[in-house]
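Each of the next two complexes has chain A plus one other chain: chain B in the first, chain C in the second.
Take a look at the complex of A and B:
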């Protein structure tokens, strides 16, 4: 398809989508909160309804999210490993500002990532976004101290084996309730008091596992791109 | 309500702007901006979970991955040795006839011009290795047959520079020059001439003009009988790039811009 035609189509499509959303917003009332979700929140102990739904009741949402991400990581690593690697990806030498700001920002970004993961069932966030935030903190580290140093400190290839083990572990945790005659994703651990970090232990566990998996997966994607495509 | 509508309205505008950018880097930044506005939209529409994910992935991670991916592709990488008047650095800024031509050509293709200075003899090797797109810097000789030579943009004569006292060769003995020859970088040659080291070199006119600003009384200068044109050389498998560059130089010549560039830098 010719470029102007394609571009016009994309713009027209975006306009159409936005028009629909605007129309919908103009005519609809405030979104309803189904009683089921409230019930689910009580059952799982998670006050963040989104977490309660997708980590407490939607097995396929959780599994396929993990699966899609793993397939993406495998694809990137497989296709990029065929390309010649950049001989010596080094730190950007002239950016002292970056080096200084990375020292201050990296702990903060990591803390935000941890917060999003550990409080995912209480406030907006979750393992997925927490892992990605922590990975972007790692990226900042790579920019300031160099890829090789970060790779060494993360114990190199060892962490990659963990990346392949984690999806299995997540699947195991998801389907473990079946062994006890309960539906998948059911709460096997006792639900604590509402609005507490350990109030919803099974969702917290899944969030931590997913966060770790996404962190390592994003790191592997970034590592492959920097090693084979660029020279950060 | 108005802010939500405005933010929603901004989305297609930013997407359109990102789409119409010629430079890939600007387009990627446009996409990052799009993600940021999208994040604001999600937030205002009571979806903070999605907003957090969109901000982390769309605005940060994906933008960086795109940048890493286009790092090699978004630029026109040129290898050359410095030739005053054609392609040389004044501070950080490259100047010269070839820089003007390549700069315009890169803009036409929507790429960033990136010039890497290598010794004259290495231009061919780097291009054959596929580490650069174009070779420049006063290339006038026959190079490897796998490289694609563009049309000439300027004609040059050849000069042989030899220390006096050695065996003198007249122009009949070396009627033609195969290639420009001197050891290392051109700046090394200039320094060697300034130190009065007995160096031997075969030079084209642009390089000779730069060398002749020094005292050449202890050298014998022979003009060789093989005027040739300066041209650019494209890497193997970049024949289309060569054709586009040749067409661009044709266009510059027709519009008279090429003469302007030559007058500006070499007059």
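Take a look at the complex of A and C:
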């Protein structure tokens, strides 16, 4: 079969599949009733309904998502650790503009990541986005002062051992209510007043743990890719 | 322009991604197409339960204002993280393939694998460079 014919067939087939899916799903319009949302918010104490769902009612989804992320980080580090490491990882030519702006921007980026993590149940944000924002700040640091310096400063705090401990901690927080005779999805800590930072302590705790996990996991992936990029 | 909403844009993106995934031969472009398909799925799920007069699902919201459905947004959060994980892991595998065969063209890689297999079956070294390539361990 000639190539244009094949391309046209593929495009037509995928458009057909999309159209079927859209007409199957998009026709039903049932908006969320206000009673449901208020009930969900008072049950978990989080006024951001998205985090009330993914850290409350669908906590196991998030748990296995964290485990998939952990497995991917393990895979990247394992397969890249057998490759020869690049001799000089900081091959980017140093620029004074980059260095000066990194000194100003890194604390602000870290602060933004902390804000997104700590206020994830009150405003848009959460552990995942906060962790990725902080990891991008670390990438800016790597580009300005070099990989070796950042790696030395971070691994002084035993950051990679923390990476393997955090999934265990998240699983423990998820199943700890069983030890107190509650159902596994109920809140471990009591729900406080609405629209306060400590109004839903269990979601805050999970957000902090997930933010740390995503920060360290993204840093390890970045570090493995920069360190072992090899020569082609 | 009423038809140009999130679902139709997601449909177009899905078509582009699927076409690139099947037709193009470069492995890195295949990965980019996979990311495009994932993004189109995210856009589709977000926009399927959203109407222009709806507000974000963050309380407090007045009782007469309709709020967007938070469930697809919570599902999409998993999709984003898993897409990142899959992309990182498959980039590593592409790096391993490129290090061994020195190309990202998947048909050339298949051809090289076939010739390696034929060389191994016949047990006859054709040339020094190819023989050393075939004897190199997989990683």
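Descriptive notes on the structure:
Keep in mind that, in the parts below, the second predicted complex is superposed on the first by the 187 of 232 C-alpha atoms of A that agree within 3 Å, B and C clash if a C-alpha of one lies under 4 Å from a C-alpha of the other, contacts with A are read in each partner's own complex, and residues count from 1 in each chain.
FYI, a contact is a pair of C-beta atoms (placed from the backbone, for glycine too) under 8 Å apart; a residue touches a chain by one contact, two chains touch by 3 or more.
In this text, all values refer to a predicted model and were calculated from it rather than measured experimentally.
Once chain A of one complex is fitted onto chain A of the other, the partner contacts of A:69 are limited to chain C, with no touch recorded for chain B. With both structures placed on the common chain, the touch criterion links A:226 to chain B but leaves chain C unconnected. When the shared chain is aligned, chain B comes close enough to touch A:125, but chain C does not. Touch criterion met: A:47 reaches chain C, while chain B stays clear of it.
Of the two partner chains placed around the shared chain by superposition, neither chain B nor chain C is touched by A:197.
With both complexes placed on chain A, chain A has more residues touched by C than by the other of chain B and chain C. In the superposed model, A:133 makes contact with chain B only, not with chain C. With both structures placed on the common chain, the touch criterion links A:15 to chain B and to chain C. In the superposition on chain A, A:116 contacts chain B only, with no contact to chain C. With both structures placed on the common chain, the touch criterion links A:189 to neither chain B nor chain C. Shared interface residues of chain A, touching chain B in one complex and chain C in the other, are 7, 10-11, 14-15, 18, 21-22, 25, 31, 48, 50, 124, 126, 128, 221, 225, 229-230, 232. Interface of chain A with chain C (complex): residues 3, 6-7, 10-11, 14-15, 18-19, 21-22, 25-26, 29, 31-32, 34, 37-38, 41, 47-50, 52-54, 58, 61-62, 65, 68-69, 71-73, 75-76, 79-80, 82-83, 122-124, 126, 128, 194-195, 214, 221, 225, 229-230, 232. Across the interface of their complex, chain B is touched by residues 7, 10-11, 14-15, 18, 21-22, 25, 31, 48, 50-51, 116, 124-126, 128-129, 132-133, 135-136, 139, 218, 221-222, 225-226, 229-232 of chain A. Interface residues of chain B, counted against chain A in their complex, comprise 1, 4-5, 8-9, 11-12, 15-16, 19-20, 46, 48-49, 51-53, 56-57, 60-61, 64-65, 67-69, 71-72. Partner chain A is touched in their complex by these residues of chain C: 7, 10-11, 14-15, 18-19, 22-23, 44, 48, 51, 54, 56-61, 63, 66-71, 73-75, 77-78, 80-82, 84-86, 88-89, 91-93, 95-96, 98-99, 102, 139.
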